[in-house]
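First subunit A sits with subunit B, and in the next complex the same chain sits with subunit C.
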Partner chain A sequence: MIRKLTAAAVGLALASSAVFAASHGGGPFDAAIKARQAHMQLYAHNLGILGGMAKGAMDYNADLATVAATNLATLATLNQMTYWPEGSDSFDNENTAALPKIWDNFPDVAKKGQALAEATAAMQAAAGNGLDALRAAIGPVGEACGACHKAYRKPKE
Partner chain B sequence: MIRKLTAAAVGLALASSAVFAASHGGGPFDAAIKARQAHMQLYAHNLGILGGMAKGAMDYNADLATVAATNLATLATLNQMTYWPEGSDSFDNENTAALPKIWDNFPDVAKKGQALAEATAAMQAAAGNGLDALRAAIGPVGEACGACHKAYRKPKE
Partner chain C sequence: MTARWLKLGAALALAGAAVYWMTLPEKSDPAGLAGIKPDAERGRQVFLQGGCASCHSAPDATRETRFVLAGGRRFESPFGSFVAPNISPHPDAGIGQWQALDLVNAMQHGTSPAGTHYYPVFPYTSYQNATPDDIVSLFAYLQTLPADPTPSQPHEVSFPFNIRQGLGLWKLAFQRPGWVLANPPSPQAERGRYLVEALGHCAECHTPRNFLGALDRSRWLAGAPNPVGTGRIPNITPARMNWSELDLMTYFKQGFTPDFDTVGGSMAEVVENLSELPDDDLRAIIAYLRAIPAIE
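The block that comes next holds the complex of A and B.
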């Protein structure tokens, strides 16, 4: 279902990106780039809480872990079609590390997004069940993040 | 239910904010402030699409409107407890306009959050039903945003 929705969304995003960009000020893709970076920021914030507990930097708290994990899983269900218009890549925009090959590999990008949705849903189910359960669930989440970053994000210089 | 959860979340946030801040670099509340600003950015991005259609700056598209409205309504359900630790106000932090009285008026803040959740849920139901339905639903969303900003955000100088 998510894959089907993503494929449909991509078509829409390509069709609407120009008019969408025209309705916003600044660079043509600034609004989209800021939106996806904000989305990543919210992933990082909520995952940071779970990671802090996993490595013992903060005390395990079942309620707080569940809140962070539920936010993470919910964020992974948002539809990002308007965040990734074609042309909003690191070749043509200084303010992004998103490699152009994202737009040549949408089936793989969607697959990696689906992997993140599954890993965060598993974390949502596990986070309140004790520190060991949280620790067991965090590896797949980090792997899902890393798989997409490794393939599609320009390395830092 | 949302109010009850918010009240419980506030207690947790107060208890965990110090250890949470200690686990992040920079100013003690930088991570929380960045997170809530990212959240606002995502509200603005998705509402901007609906607003663009409402005022005729972009063509009405039922699918795109539904995507943006669903994102908006889903974002309004996220638990923001870790985004608003006590002390992360505009008196003690240059990088936020959040007035200290937020932390003295949590029942009212929660009520305003609930109003936003209801207005965005109504928008989610309406957005795909034509431009008139979208236009009718956007006023209450803007009012819910504005009610909280007017009461709790430092005016721009």
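The block that comes next holds the complex of A and C.
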């Protein structure tokens, strides 16, 4: 009787911890998902500096713009293989918006990544050459970000 | 007794005829287009303002290939599945045999060249306010785009919504002429009203619908369940839209949100079009969005 109760209690505890894990992360891909979200956050932070100057929300500063653009260009060339393991998609993990088709269309994903690398390299070359050059270079960066998000990111609910 | 039945029968037949007549598809008078000069360059602006590609390009279209209007995108709704048709200039698969007047009838009345009703998934309740000049120019521009041979797919709509004559009743009940924002506060907001209410058909996603799929104008642009998917489309009335003009211009031109995420969902394709419009148009849209009633 006691053994049965213990088994039931252990079973219940296991089941509830699985539920807890599902709703609070704790999945096998959490570290990878966190790492790539941090990568995206670094893009957004550096873009925020360039975009803030482009839209006139902050003063143009050639040195700061070049630093931010160099960061972007560097980020875009990092090999991200380690944080996109197979199975870490939005179908099986609720803490990511990465659609499963990323893993089915790898050549296209790589092509879109290459487009971002090119757009950010152009931004790196332009950012120190005045506000107009920076403004002209930011459109293609936004397009490159958006092209991948449009195809491979689950829309927000 | 027999006479009474006959009278009732006659009255019913008359009522039936009246309903039939009232639900006949409407067409414009060709004379209304006399003297209008088509301008394909202006037509391209109308094409971008109207977002034609966002529905009529192929399902896998990119920013570059979206000018091929092959159709084939599916829109799942409570009434069935609608499939966007081919509107490329192909003579058989597309609209290669249309005249400008056919496009006027389609956009202003929701009437096909064969004289049948279109489903309001084609947003003619918005496009009805498009000017004949803009439609004629749009038609000229559409003819310059690549012809594509992909055949249009039939809609998959079940009874009773598959009876097209019934759409005449729907139009009688729900196709309201005129504008929602009756008195725009400035010429700029008035231009924005044309772009948002007529061509841009923003309300088709940002305004909730009733059980027959008609827009609830009392909650104009106040956010709604996604009409063709999951999730919600946001409230963009002044009650919730607190982005600055700079934020909105950046969003429209580059697709960046104020925290430098990128535009998502079906809005991504809207921004592909907006980003190619002149700044004056985008500022007009913002002026309009500031002028509409704030609805929580």
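Everything that follows uses one rule, which is that the second predicted complex is superposed on the first by the 131 of 157 C-alpha atoms of A that agree within 3 Å, B and C clash if a C-alpha of one lies under 4 Å from a C-alpha of the other, contacts with A are read in each partner's own complex, and residues count from 1 in each chain.
Basically, a residue touches a chain if its C-beta (ideal position, glycine included) is under 8 Å from a C-beta of that chain, and two chains touch if they have at least 3 such contacts.
Being a predicted model, the structure only gives us computed values, none of them experimental.
After superposition on the shared chain, subunit A has more residues touched by B, the comparison being subunit B against subunit C.
Applying the stated contact rule after C-alpha superposition, one finds that A:A133 touches neither subunit B nor subunit C.
Residue contacts after overlaying the shared chain place A:L99 against neither subunit B nor subunit C. Once the two complexes are overlaid on the shared chain, A:A54 sits against subunit C while remaining clear of subunit B.
When the shared chain is aligned, subunit B comes close enough to touch A:T74, but subunit C does not.
When the two complexes are overlaid on their common chain A, residue A:A38 makes contact with subunit B while staying clear of subunit C. In the superposition on chain A, A:H149 makes contact with subunit C only, while subunit B stays out of contact range. On subunit A, the patch touched by subunit B and the patch touched by subunit C overlap at residues 45, 48, 57. Listing the residues of subunit C that touch subunit A in their complex gives 62-63, 229-232, 246-247, 249-250, 253-256, 259-266, 268-269, 271, 275.
Touching subunit A in their complex are the following residues of subunit B: 8-9, 12, 16, 19-20, 22-24, 31-32, 34-35, 37-39, 41-42, 45-46, 48-49, 52, 57-59, 61, 63-64, 67-68, 70-71, 74-75, 77-79, 81-83.
Taken together, the subunit A residues at the contact with subunit C in this complex read 43-45, 47-48, 51, 54-57, 138-139, 141-143, 145-147, 149-150, 153, 155-157.
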